[in-house]
C-alpha cells in the first residue's frame, strides 16, 4: 500500500493574486501533490483551509501517513481544534513536512514550543542549498548543492529547537545563511522543515525541490501502528508491579484513581 | 548580584492534606527556597497559584533569572496568559526548572510541544538516581548515584523531545527506569526537568536533592541580557542588504510591510 | 536485492569454553546470522578473527551493507589496518551494529572517540529492557519492555558521545541502569549499540533480541551509493567559484595544490 | 584562581614564511595568548611542536584547564603518545578549542571519530559569521553577525559528528556555507571548533574573533575535579551489589578478575 500523503494548502494567494495564480493555476497544493504522485510509493491528495475542518477531519487524519503544510497569509484562520488534532496525530506517528512560510503555522509552533521566527527579504535573490548531510534519505539523488535563482531570503536566527539532524544550509546572495532542512522527532512522528517555496516564484516546479519533497515523504513515513497510548499516563498498581514490592509510606491517591492532569 | 530564583508552587496539598502539611509546614516552595538560599550565589523567593497573576506578573518575571515550577493537583487553574508569559521569558533567556509532577504543567507542555506523559505508581518504593553524565554542572558534588528510599515511581516512555543532554537515570524497586534529569535549550533559555519530589515524602529535605537544585539554578542561569528580539521576524529591506543585490521577480509585500503571522 | 549483512565474531570462547560451546555450538556468529536470515530482506554471512584479514578484506567490506560486531576476549588481536578499513566503510555508508562486549572493540572506540567504559558484574541477574522510543524502527514489534532472565550487568556511566537517539534503557536486579540501545551517525553510516549478549547465557536465542537485531539491520542499511568523497578535502579553485570572486590577499598554496593533512 | 589555558601552535609558518611572520611576529600562539590574557579570569601560556613532548607533558596537561590547538602544515609530526595524552585529559574534563586548520589535527580526529574533511579555497574572500545561537556563552557580546574581510574559504560537508549545539554558520563570498562554531562533550570535556584563522590573514587580531576565543575558554572550562575514573571499567562484585542478588548461571570470570579490554 502506498504512503498516504495529504498536501495541505491555505490556498488564498492563488485566488487573490494574479502572479501566484499564473505560476500555480491549480494551487500550490496540486502542484506538490502532482510531484509526489510521480513516485509509485506515494499516493498524494490535498486539503485546503476553506474546506470544512480545513479538510482535516479526525477520519481523514487517521488515514494520513504524512501531512505537508503550506500556509502564509492567514495562519490565524486555522482552528485551534484542528491544530491540536494534527499535533496528536504527529505524536502517534504521522509524519509532518512543513514548508517555507509554514514556519509560522500553528501546528509547527505548537510542536516546536518556540517562536520559529526568522529574518526575511522578498527580492528574488539567488539561494544555494548545500547538502551538509549527504546520504541522508532526504538528500537522495541530489548533488552537493542546488540553486534556486529566485527566492525569498530567510535569515538566521531561526528560533527552533536544536534539530535531530540538519540536512541543508542555504546561502543567499544578499549575505545571509539559513538552516533550510532540519529534522525532529516528536513522539512517534517525524517532522521535517524545508525552507524554499515563496509563492511568487516557481519553486515547486523545480526538479530538485520535487526530489526533496518525495524523499521527505518517504523518510517521514512511519509504517508502524499509531501510538495512541502516547496520550495516556497510566497508573501501574502495586500488585501489578513487575518486581514484587510492598506499598510503603503515605499516599495521595486511591488504587485505580486517575492522575491529575 | 546573586541569581534571582523564584520557586513557584501550586500550594494546594499543603493546605488540604495533613501528611503533606506535616512534611512541608511552610509549603514545598519555602522548603526549596530555603535550600537554595544556603548558596550565596542565589537569592530565592517564592510565588504561588493563589496570588494575583499567580505571583508571576510581567514585572516579576522580568526580574527573574531562574523559575522553578512545582504543580500537581490543578495544572488547569494556571491561566493561559501567565503560561504564555513564562514561555516568552524562557525564550528570552530565563532558566526554567520543572519539578516532578510539573511534567504535566502547562508551561512545560507548552515549551516541549509533546504530551510529556509517563507511567506512575504511588507506593513509596526505592528510587536510585544514577549520574550518567558525571562532571555535568548539575551533578556537581554528587557520588555516582544516590538513593531516595521512598518515592513515587515514574516509568518510561516519558514523551518529551530528545534532550540536549541526559544527566540522571532512575532505577525503581518495582522494575521501571526513568530519565530523571534532562536538559533542553529553547531560544535563549535553559530548561531542566528533575523527576523526584512527590509531596507525601520528604524528598526536598534530602541533601542530594538540594544539591541538584542549587546546581541546576546555577546551570540554568543565563547572565546575558534578555533576547527580546526573539519575538520578532524583521524584514530586511533590499537597500540594507549586507551584499549588494538588486530586487528581481514578483513581489507580494510592499517595502517595510510586516510579514504575516 | 537483499541487505548484505556480515556477522563478525571473535569466535574464541566457543572454541575454549564448554559452556559457551554448548549454548552456541556453531558459534555466536552463526546463531545471529541464522536469526537474521529468517528475514527475507536480509542475506547474512559471517566472518571471524581467525580468517585472513579477519574475514574483512577491502573487497568483502565493499560488498557489505551492514556489519555486526561481537568480540570480548581479545580485542587487541584485531589488526589496526582492518579497524581503519571498517571505519572508512562506515563513513562511506556501511551500517555498524556493535554487540555487548564489543563496546570495547577497536572499531567502536575508533568511531566514538571516547573510552566506551562501563561497570559490569557477571551474576546471571535479571535485565529488563525498556523501550523509551516506541515506534523507532529498531523497536518494531516489541512490547513496552522485555526481560532477559540471566544476563551480565552493565552499569552507567557508559562513556560514549551523546547519541542521536536512545531506544532502550535497561533495569538490572542488582540496582543498576544502562542505556542499552543507542544510535549515532558517523559520516554516511548508521551505528547502533545493543547491550545484551553475554556468551554464557542464551541471549541470542531470545526471540525479542532476534527481533531487535533484524530491525537494527534494516534500520542501519543505507541504500544509497558509497560516499567515497568523504575522505577528500578538495581545493575549489578561484576560477571555479560558484559566485564570481577575485583572488585577494596573501597565499600559502599554489593553484591545484593539495592541502596539508 | 584563573582558568589555566594553554595555546598550542605548530609554529612552522611563522618561521618559514615572511607573510605569516609579518602578521604574527611572535607566533600565532602568542597573539592568541595575549588576547586571552586581557581577561582576568584567564591565565594563558603557550606550547609548540618543537618543544620536548611538544610542550605537553603529563604534568603540564594535568595543570591545564583548557587547551587551544592551532596546526596546519605538519599534523603528522605530532606524536601519537601526546595525542592519546590529550584525548585522555579531555575525557577527564580538560576543555579543548580547535582552531581553523586544526580540523585535521590528530587530537581532533581522534576525539571526533570521523574524517573531519571539508572543501577549501585560499582567495582572501569575505566571510560573514552568523550567530545562530544568540545568548550562547560563546557568542556573548557579539552582534547578530560579524565579518572577516579576508579569509580562506571552508565549505560543507564538514564531516564531523552532529554537534551538541551549533553557534556560528559562515557565509562566503564565493558561494559556500560552513558550520563555523560547534560544540561537543566527550567524557567530562567540552570541545569547541572555531573555523577562522588562516595564517596569511590577521584574523587573530580581529576584535570579534578575540571575543569568541575568550568566551570559548570560559565556556569550555570545567571547574570540577578530573574524572580519572573514566578510564576504568570496574567489576562490581555480587556481594557488593546495591540490591541483594544471588549469583546464578554460568560464569567466565573469577571474582575480582579484570575484564577484557
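Think of it as A, B, C and D in the order they're written, each chain with its own count starting at 1.
Heads up, the rule we're going with is that a residue touches a chain if its C-beta (ideal position, glycine included) is under 8 Å from a C-beta of that chain, and two chains touch if they have at least 3 such contacts.
Model, not experiment: these values are computed from the prediction.
Asker: Any chains in contact with both subunit A and subunit B?
Answerer: Chains touching both subunit A and subunit B: C, D.
Asker: From the centre of subunit A, which other chain's Cα mean sits the farthest off?
Answerer: D
Asker: I'd like to verify one number: the distance from the centre of subunit A to the centre of subunit C, where each centre is the average of its C-alpha atoms, in whole angstrom.
Answerer: Whole-Å distance between the two chain centres: 31.
Asker: Could you give the separation in Å between the centres of subunit A and subunit D, each centre being the mean of its C-alpha atoms?
Answerer: Here the centre of subunit D sits 36 Å away from the centre of subunit A.
Asker: At what distance in angstrom does the C-alpha mean of subunit D lie from that of subunit C?
Answerer: 27
Asker: When you check subunit C against every other chain, which residues touch at least two of them?
Answerer: 128, 134, 155, 157, 162, 164-165, 173, 175-176, 185, 230, 242-243
Asker: Residue numbers of subunit A touching subunit C in their complex, please.
Answerer: Checking each residue of subunit A against subunit C gives 93, 128, 134-135, 140, 145, 164-165, 173, 185, 188, 222, 224, 227, 229-230, 242-243.
Asker: Help me check something: in the complex, which residues belonging to subunit A touch subunit B?
Answerer: Listed in rising order, the residues are 13, 17, 19-20, 72-76, 87, 91, 101, 104, 110-115, 117-125, 150, 153, 155, 157, 159, 161-162, 164, 173-176, 184-187, 199-201, 230-238, 241-243, 245-253, 259-261.
Asker: Please name which positions on subunit B make contact with subunit C in the complex.
Answerer: Interface residues on the subunit B side: 128, 130-134, 144, 155-158, 162, 164-166, 169-172, 175-177, 179.
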